[in-house]
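Naming follows writing order (A, B, C and D), and every chain is counted from residue 1.
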Amino acid sequence: MSNYFGEIFGGFQSLLVGLGITIKAFFDPVVTLQYPHESLKMTPRFRGHIELVGDDETGESKCIVCGMCQRNCPTGCITMAGEKPEGAKKKVLTSYVLNFTTCSLCGICVESCKFGAIAFSKDYNLASTNKNDFIFDLKKRLGEKS
Amino acid sequence: MILDNVKKAMAALEPINMAETDYAAKGFHLDVQVAPEQVMQAAEVLNEELFTLEAVTGVDLLTFAKAAKKPAKKTEEEAEPQEETEPEEKSAPQMEVVYDFSHWDELCRVVIRARIPRDTPEIPTISEVYSGANWHERETHDFFGIKFTGHPDLKPLLLPEDADFHPLLKDFVA
Amino acid sequence: MSVLLQDQNYETFEINLGPQHPATHGVLRVILTMDGEYIYKAEPVLGYIHRMHEKMGESKTWLQFMPNTARMDYLHALAYNHGYVLTVERAAGIEVPERAEYLRVITVELNRIASHLLWFGAFVLDLGGFTPLLYAFDDREHILDILESVTGARLTFSYFRFGGVYNDIDDDFAPATLAFIKRLRSRMPMYHDLVTKNIILMKRLKEIGPISKEMARRYGATGPVLRGSGVNYDIRKNEPYSVYPEFDFDVPVYTECDSMARYMVRMDEMEQSMRIIEQALAKLPEGETIVKKAPKIIKAPAGDYYAAVEAARGTFGVRVVSDGTNSPYRLKLRSPTYSNLSLFGEVAKGMLLPDALALMGSLDLVIPEIDR
Amino acid sequence: MSLLQSEPIRVLAFLVGIIAFAALNAAYLVWLERKEAGHMQRRIGPKEVGPFGLLQPIVDGIKLMSKQLFLPKGCDPILFMIAPLMVMVPAIMSFVTIPFSETLVARDINIGLLMIFAFASINVLGLLLGGWGSGNKYAIIAAARTVSQNVAYEIPMLITVIGVVMVYGTLNLNEIVIQQAGGFWHWNVLNLKASLLMPVMFIIFFICTLAETNRAPFDMAEAESELIAGIYTEYPGMGFGVFFMGEYANILIGCALTVILFLGGWQSPFGETFVPGVIWFLLKLYAIVFTVIWIRWTYPRTTFYGLLNLSWKILIPISLVNLILTAAMLKVF
């Protein structure tokens, strides 16, 4: 019989403690960030989609079209093409397309590039209703940027 | 100490091959290869010693022998005993079913292997002793087509109900 | 036990729990043959999110499979990275520098706390309480920010590499982690007052879903489900790997075998993980974070190798059969919740529907990890 | 008799007033619930539509009305359509006898309390027909649960109400409120002269109100995480909207009864003041509604047998003891 009442009072007391916690939280300041109005500052190491790094003087890409990133990508989302203008000994990049819909942001391409030609970008709010918006032509973007 | 009991009990079953492997290099202590029919007794032995079943793995050895035999150029030559010395079976290619057991009280991982011909892959089930094996065997059946005789209901688990293809076979064409 | 379980010709009806159902946390479908509210037979149906990781493993090189490991159990992705990296390093015989091992342990334990916090929120949500979920997510966001500052990702980290880690921690990683630990320690009593000591929750979890030691052994259950049934089996202690032997932490074990025990095991494990992180941060050695001559092409001598790690949900084992080429010949991924769920059919027989959902919540299921 | 005093105009005015009160409340209680839940979970709640999200309920209402009403396959059309009405109409009918203030009561019937409980029992039937009519397995389980839950909680509620009626000797709600005049120490909840257990009676009555209106922690009818949406699973658009309005009207009735029977209806807590009775009544009403919402966002859901045990093993014995105690105390004093 005693634990009958003990359980009632103990249980009721635990219910009141629970109410106390939620009411305290009710008057505490709000923790969430109001997204569309305020935006989050990304950490320097945030892995957005990759982008070509422009050579500081010429503004051209540092890429020598060796294809290491294309081969190492697990999902094969990088397609690039380059051609060797006669007279010059190094290949020149003509097109560098990243299919961001299959990229898993693992960073193997950035790691395998010996020339630091590609790096992670910082933009994260990429939303679009059309799949083709995510087929990035990185060479064009590099041109626009510089 | 448990390892010795297991070795004694396993020796009683005269397995085809029993080797104590170095845990640091391979990840398990005892590697026992038994004939397919003895799989049930081996499981009972381990059940007495209170082992628990971790996983059942199927391996399709169709293209394994060719690749493994051409030794990689400069890797050190401590070749695996049972891979190389075995009389290379030019005869029918084989499939292997690997049972991983581990023990709670003492670090002792035992691996039981059984080789079955690839074209008639059949092996008795151990789900009476280890009911956990029920799902593992259904999954191995899904991926390799190995029929586990005596299994309560061997319908596909991870593949759709009407799946008749076995994706993990080396000659599987999507 | 309902009257049905005695005689067979009682009229039952079949209900589909899932694949879209609020309490299954993913696409798990359970066909319940019910008599009123009592479950006569429960049969989980899997495969709705089966992507065949094991076949992908056979067609990719060793390093290319790394992102896949993080996408099986995305709540504790780092443990899966760790399991895969351990097996390949054991196969190819690659040494890992001391600092990298410490960084691995710190990030894995942080990820374990994040996984347990998410489980705690989702579990109480299954039982009907909404608010604890948002408090738990509030804490979890701090961990994700800390892990993002070092790995660059928030959920599916591909942070480990063979022979070390991707990049080093910056200098405000340690203060942020210690501040987080202090904050979580101050909030744990609030969680216990709001949820654990609540009489309604106790009535929902006590003596619900008994999993005996013998049944756990027969089904191969591991992790908190096993430790809730009185078995002291934790891979970090029983099969020490990486630098775990250098930290002293204890493994919470409860012997009541019911959902409350499994709940308490995970709540105490968060405290232990915090202890490990503190000791690891204190003893963090200097040095490079990836072995100098990390081979670009991994050459594992032919043969098969096995390694297991303690993920948040149990033993995650990777069995690799290598034939010396640059991609694995066969890659078997042993997922813990696969075995933990296999005993659901036997335990749920004769239970009420809400109790069966409490049991399923206490098993802490992540369906993509079961389906692989 | 001036135009205003004439009977049909008065009835019309009260009719429009009550339905407006019920509809507006149904909408803005949703807003209050989402705002309160938000702040309790350290977030904001609706904020975008209108200042402080005040237009959100209106927009939700329009959205619900714009949804297509279809009858699910295998459902019983008549029962399916009647059920929401059977939940909402009795709730709005019960507003007739609720005294908002000294004069502001639609029809001051001398058996007002009995009428409210008569209508409250129809609400259960509505939920049962809704669950059964929609032909969905989850809804049938929810319907079966709701019936036994309401039966189990009707009894302690009625026994408590008998205790109160014995103290005040009348079923007329206005009389009960008048007898609780004077400061808050005259309220029934502190009326220890009538029976020592009166505060416990207040708590039991409050728990029974929660259970009657299927609010957490007893929300068996709409157990989101188990039965998907319980009885409301198959109801699209305005079908769900009417059920929702019925549920919130029921909560209002329950809280209004709690206020009238225990917290002195429209009486002011400090004796005579110039503030009209309606203000006090609405203040107390919304305080109790705030508590109902507060409880929902704090506790997990009880199991079904836990809920029945609570009623049969704890609430009913205590309310019976109180009944005997009240009778004895009335005999003595």
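Rule of thumb we're sticking to: a contact is a pair of C-beta atoms (placed from the backbone, for glycine too) under 8 Å apart; a residue touches a chain by one contact, two chains touch by 3 or more.
Values in this document were obtained by computation on a predicted structure and should not be read as measured data.
Enquirer: Quick check on the contact network: minimum steps from chain B to chain D?
Expert: 2
Enquirer: Determine the chain that sits nearest the middle of the structure, using the mean of its CA atoms as its centre.
Expert: The most central chain, going by mean C-alpha position, is C.
Enquirer: Return the distance between the CA-based centres of chain A and chain D, expressed in whole Å.
Expert: Whole-Å distance between the two chain centres: 50.
Enquirer: How big is the gap, in whole Å, between where the Cα atoms of chain C centre and where those of chain D centre?
Expert: Here the centre of chain D sits 44 Å away from the centre of chain C.
Enquirer: What whole-Å value do you get for the distance between chain A and chain C if each is reduced to the mean of its CA atoms?
Expert: 25
Enquirer: Could you say which residues in chain D touch two or more other chains, in rising order?
Expert: Those would be 40-43, 297-299.
Enquirer: Return the residues of chain B touching two or more other chains; collapse runs of consecutive numbers into ranges.
Expert: Expected reply: no residues.
Enquirer: Note the residues in chain C that touch 2 or more other chains, in rising order.
Expert: 131, 135, 138, 194, 198, 200
Enquirer: For this assembly, give the contact graph shape among line, ring, star, complete and other.
Expert: Per interface graph, the chains form some other shape.
Enquirer: What are the touching chain pairs in this one?
Expert: Listed in label order, the chain pairs in contact are A-C, A-D, B-C, C-D.
Enquirer: Which bits of chain D are touching chain A when the two form their complex?
Expert: So the residues of chain D in touch with chain A come to 36, 39-44, 47, 294-295, 297-299, 314.
Enquirer: What part of chain B is in contact with chain C in the complex they form?
Expert: 24-28, 50, 52-55, 57, 59-60, 63-64, 67-68, 71-72, 75-76, 78-80, 83, 98, 100, 102, 104, 107, 109, 111, 129-132, 134-135, 143, 156-160, 167-168
Enquirer: Mind listing the chain C positions that touch chain D in their complex?
Expert: Contacts found on chain C: 13, 15, 21-23, 36-37, 124-131, 134-135, 138, 194-195, 198, 200-201, 203-204, 352-355, 357.
Enquirer: Please output the residues of chain C touching chain B within their complex, sorted ascending.
Expert: 46-47, 50, 52, 54-55, 58, 87, 90, 93, 216-221, 231-233, 238-239, 299, 301-308, 315, 317, 319, 321, 323-325, 329-330, 332, 334, 338-339, 342-343, 346, 371-372
Enquirer: Which of the residues in chain A come into contact with chain D in the complex?
Expert: Checking each residue of chain A against chain D gives 8, 15, 18-19, 21-23, 25-32, 34.
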